[in-house]
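For reference, the structures are reproduced in the following blocks.
Each of the next two complexes has chain A plus one more chain, namely chain B in the first and chain C in the second.
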Partner chain A sequence: MSVFSDIFFGGLFQGSLYAMMAVGLALVWTTIGVFNFSHGVFMMLGAYFAWQLVAFGLPVVIAFPLAVIVMAGAGWILQASVVRPLIGRPNIVLVVVITTLAAGSLIENGALTVWGPRSKQLPSLIEGNTTIAGVGVSLHQIAIIVITPLILAALWSFLNRTRLGLALRAVAQNEDASHLVGLNVTALYGLAFAIAASLAGLAGIFMGGYRFMNPSMGADPLLKALIVVVFGGISSISGPIFAAYLIGFFEAASNYYFGLYWTPALLFLVLIATLMVRPEGIFASRSRGLA
Partner chain B sequence: MSESPILSVEAVTAGYGRVTVLHDITLEAGRFGNVGLFGPNGHGKTTLLRTISGLVAPKSGRVVFDGKDITGLSARAIVATGLIHVPQGNKLFPDLTIGDCMALGAYSPRARPHEAENREKVVKLFPKLAERWRQKVRTLSGGERQMVSIGTALMSHPRLLILDEPTLGLAPKIKDELCTAVMDISRGGVPLVVVEQDIEFLLELSRQLFLVDHGAVKTEIRPGESIEHSEIMAMYFGH
Partner chain C sequence: MTLLNVAIPAAPGRVTWNREAIGFVAGFLLLALLPLVFGDSYSRHVLIMIFIYAVVASNWDLSLGYGGVFNFGHLALFGIGVYTYSLLAKLAGVDPWIALVAGGVIATLAAVLVTIPILRLKGIYIILVTFGFAQLVMQVIVSQSDLTGGTQGLVRVPGLYIFDHNMIRDGKIAYFYIALALLVLSTLFLRLFVRSRAGASIVALRDNEEYAISRGVSLVRQRMVTLAASAFFTGIAGAFYAAYQRNASIDVFGMSLATIILSMVLLGGTATIYGAIVASFVLTVFSEAMADFGAWRLMISALLIIVIMLVYPSGLVGMIRAAWTAVADRIKRPA
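Then we have the complex of A and B:
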C-alpha cells in the first residue's frame, strides 16, 4: 500500500511541476509559433526574485505573488526584445531558438553575478510534514499538488471563458484573420509570454522551497518541459498537462523499481516508442491552437 | 448622384519584400454604389485589398477612407474606422466555434455595443449558422465557412465591406445562396467592394467595375455605359 501511495504522491508532485512548466511553453508555441528556450531561465529568475524579496524582509504571502507578477513583466520584456522584432520572418522558429537561448544564457550569467554561485533556499509554502496513507509528505508538496490544478484550471477558464482568452486562442490559429477583426496581435503575443513567464516563475518558487537553488536550476526543468510538450502533442495546452502528470507518474514508478539512474533513459525510450506510433504529437504538427 | 467616394486609392505601390505587385494603382469606390473588381489570377487584386485593410504596408501612395487618410495605419486601427475586409479563402479560425467567431467579430470597441443586434442580422442572413453555433469551423463545409467569414465581418459593424472572392470554389447551389446574401447585405445599406471571378454576379451587384491587370487598373466600366458580357470577357482574356 505504501509503495503505491509513494508512487502516487511522487508522481502527482513531479507532474505538477512539469505541468506548470510545460503549459507556458505550449502557450507560447501555440500563440506565437516559437519555442522559448529561456523558459528554464524564467523559472530560475522567479525563484531568485522571490528569494530577494524575502531577503528584503517581505512576508512570503506578499513576496511570492509579487515575484510572479514581476516575472510577467520580465516575460513581456523578453518577448519585446528578442521575439517581436523577428515576427514575420520565414525562419522565425530557428532564429528564436537562438535568440532565446542567447538571452537565457545572458540572464543566467547575470543571476550568477548578482546572486553568486552559492546555493540558496526559499521558505516552504507551508512548513511541516504529515502522513497520508502511510507515506510521509511535506505540506509544501501537498500545497503544490493542490495549487497547481487550481492554477491550470484558472488558466483554462481564462482561455475558454473570457473574451481576452478567446483573442489569445484566435491569434494562435490565424494571425491575418486576427488582425482583420481588430485584435492587438503584438499585445497578445506579449501577454502569452507574460503568462508563460509567470507560470515558470511560480514553478521556480515551488522548486526553491524543497531544493537548493542555483542559477542553472532551470536547465533540467526546461528539458523536461520540452519532453512533456513533445510527448503530449504540441497543438494544445490540455495535451501537455495530461502528459506532464503521465510522465510524473512514470518517473515515480521507474525511480522506485529501476532507480534514479535508469529513469531518464527509460523515459526517452518510452518517448521514442510513443513518437513512432503517434508522430503527429511533435513539431511536425501544422495546426496550432489552444484548447 | 455622384457623391464623394467612400474609398479612394491614390497611386498606391505595394508588394512583398522586393517584389512589387501593385504599380501606381488608382481607383475610387462608392461614388456610384458597389464596386466590382475582376481580372486574371495573380495580378494583385488580393494584394490591393490587403493594402487597403492594412495587412500590407504600401511603399507609396495614399488610401483614403471616408475622408480620413488611413495609409500605413495598423489593421486594427483600420477595423476601428469600420472598413472591414473578408479575406480570400476561408481558413478562418479552425478550432473556434461559430459562436466564438461571432464574438471575435464584435471585438473592436466600435462594434461591441451593436453585438446583439448584429448577431440577429447574421442569424437572419445565414440561418444555417444558428443551427451550428457550437460547431468548430474546421468541421464546416466550404460554403458554411464562407458564411462564417462574412458573418464575422458583419459582427464588426462595417461601414464598408470588402469581399475577396466570396464564392470561390463553391458548388452552384451554395454559391447562389451566398450571392443572394451578399445582395441582401448591400440592400441593408452596407456599401461593398467585391473581387469576383463571376462577372455575371458582379454586373448584377455593382454599377462600377474595374479590371485589375498587372497591378494596375486597366479599364474602368462606369454606370450607364451599356456593356456586354462578351465585351468584358474579351477584355478579361484579350491581352
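Then we have the complex of A and C:
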C-alpha cells in the first residue's frame, strides 16, 4: 500500500510542476505558432527574482506574487524583442528557436553573473511535514499539489469565460479573422507570452522551495515540458495538463521499478510510440485552438 | 545511389561546375597555406577548432537548410562520434584510424534510427523528437558511468598517429592538415550531394512536398538519405575532436555548443554549405577574440546572434550578397 501511495503522491507532485510548465509552452505555441526555448530560463528567473525579493526583506506573501508579476513583464519584453519582429517571416519557427535559445543563454549567463553559481534555496510555502497514507510528505509539496489545479482552473476559466481570454483563443484559431474584427493581435501575443512566463516563474518558485536553485535549473523541466506537450498534443491547453499528470505518474512508477537512470530512456520510448501512433498527441483534437 | 551520378542540367542563376571547382580549389589552397602565416600553436589550435565546427555546421546545413528537416539532434551525432572513438580506441584498443571511421559509421546508423520516428512528422514535432533524442543519448552515456565515466567523462583517449611522426611536438601541423583534409572531403561530398539529382529532390520536398511526392520523389527514402548523409562526416568530426582533445566529455551535448553551431548555420545563411563554413570562421575568431571577457563572452555572442537574426534573416551570405548588389549597381550606373 505504501508503495502505491508513494508513486501516486510523487506522480501528483511532479505532474503539477510539469503541468505549470507545459501549459505555458502550449499557450505560446497555439497563439503565436512558435516554440519558446527560453521557457526553462523563465522558470529559473522567476525563482531568482523571488529569492532576491525575499533577500530584500519582503515577506513571502508579497515577494512571491510580486516575482510572478515581474515575470509577466519579462515575458512581455522577451516577446517584444526577439519574437514580434520576426512574425511574418517564412521560416519563423526555426528563427524563433534560435533567438529564444540565444536569449535563454543571455539570461542564464546574466543570472550567473548577477547571482553567482552558488546554490540557493527559497523558503517553503508552508513549513513542516506530515504523513498521509503511510507516506511522509512536506506541507510545501501538498500546497503545490493543491494550488496548481486551482491556478490551471483559473487559467481555463479566463480563456473560456472572459472577453480577453476569448480574444486570445480567437487569435489562436484564426489570426486574419482576429485582425478583421479589430483585435489588437500584437498585444495579445504579448499577453500570451506574459502569462506563460508568469506560470513558468511560479513553477520555478515552487521548485526553489524544495530543491536547490542554480542558473541552469530550468533545463531539465524544459525537456520534460517538451515531452509532455508532444505526448498530450500541443494544440490545446487541456491536453498537456492531462499529459503532465500522466507523465508524472509514469515517471514516479518508472523511478520505482526501473530506477532513476532508465526513466529518461523509457520516457523517450513512450514519446516515440505516441508519435508513431498519434502524431498529434493522445489528447489532441485535430484542430488548432485553445480550450 | 544511381540518382547521385546523373548531373542536373544547368539552370539560370546556378554557378557552373567549372567555376565552382576553381573557387573550391583556390579557397582550400589558401587554407592549406595558412600554417605559413600562423606559426604558433595557439593560432593553429583555433584553426583546427574552426575546421571541426565548419564540418559539423555545414553538415547540419544539409539536413536543416537543404532538407528542411529541423534535426535538433545533430550535436548528438557529433557526441556519438566522440564517444564511439573514445570507447573503441581507449577501452577496446582498436586502431585510432579505424575508430575514427567507426565514429562516422555509428553516427550514420544512429541518424537512420532517429529518422524512423520522424518520418511521418512535420516542423515543430521533428524539433521536439530530435531534441529529446539528443537528451536521451546524453542520459544513456551518463548512466553507463562504468564505461563512459559518466559526468566526469573519459581522459587519456589515444590520439591519432602518422607512422613515427610525433603528433604532439610538431606545432599541431599534422592535426591541422588532418582537420583540413576532413573539411575538404566533407565539403566536396556535401557540394556533390546538393548539386546531384538527390540534392534537387530533397530541396523539392522542402519547398513543395505534395508536388514532389506526386512527381515520384520518395519522402521516406530521401529523408533517411538526407539525415544519414549529414551524419557521417559529423560523426567523424566528433571522433577527430576526441582524438585531438584526447578526452571525451558530455559537454558536447550541452545547449551552449548546440546554440553556437546552430548560429553558424543560420548566420552563414541556410542552404549554401559555404555559408556555414564562413560563419564558423567568423564566429570562432570572434569568440576567441573575446576570451578575456569570461561570462560576458557568452552573453555578447548571444546578443550578436539575436541582432543578426533580426537584421539579416538570410545570414552573412545574404549580407554579402546585398552589399555586392549595391556595389555592382553603383559600378553599372554611375550617379
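Everything that follows uses one rule, which is that the second predicted complex is superposed on the first by the 285 of 291 C-alpha atoms of A that agree within 3 Å, B and C clash if a C-alpha of one lies under 4 Å from a C-alpha of the other, contacts with A are read in each partner's own complex, and residues count from 1 in each chain.
Note that in this section contacts are C-beta pairs under 8 Å (C-beta built on N, C-alpha and C of every residue); 3 or more make two chains touch, one makes a residue touch a chain.
Keep in mind that this is a model prediction, so the values were computed, not measured.
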Partners on chain A (chain B, chain C) - clash or fit: fit
Touched partner set for A:257, first chain B, second chain C, both or neither: neither
First, second, both or neither for A:93, with chain B first and chain C second: second
Where the C-alpha centre of chain A sits as vertex, the angle toward chain B and chain C in the overlay (nearest 10 degrees): 90
Contacts of A:102 with chain B and chain C, given as first, second, both or neither: second
Which superposed partner A:212 touches (first chain B, second chain C, both, neither): neither
Partner chain in contact with A:163 - chain B first, chain C second, else both or neither: first
Touching partner for A:113 - first (chain B), second (chain C), both, neither: second
Chain B or chain C, by number of chain A residues touched: C
Touched partner set for A:180, first chain B, second chain C, both or neither: first
Smallest separation of CA atoms, chain C relative to chain B, angstrom: 15
Parts of chain B lying in touch with chain A, wherever the complex brings them together: 53-55, 74-76, 79-80, 84-87, 91-96, 100, 103-105, 107-108, 111, 152, 156
In the complex, chain A residues that touch chain B: 163, 166-167, 169-170, 173-174, 176-177, 179-185, 287, 289, 291
Complex contact set, residues of chain A against chain C: 29, 35, 81-82, 85-86, 89, 91, 93-95, 97-99, 101-106, 109-110, 112-113, 219, 223, 226-227, 229-230, 234, 261-262, 264-265, 268, 271-272, 275-276, 279
Chain A partner contacts - residues on chain C that touch it in the complex: 64, 70, 72, 117-118, 120-121, 123-125, 127-129, 131-133, 135-136, 139-140, 142-143, 255-256, 258-259, 262-263, 266, 270, 295-296, 298-299, 301-303, 305-306, 309-310, 313
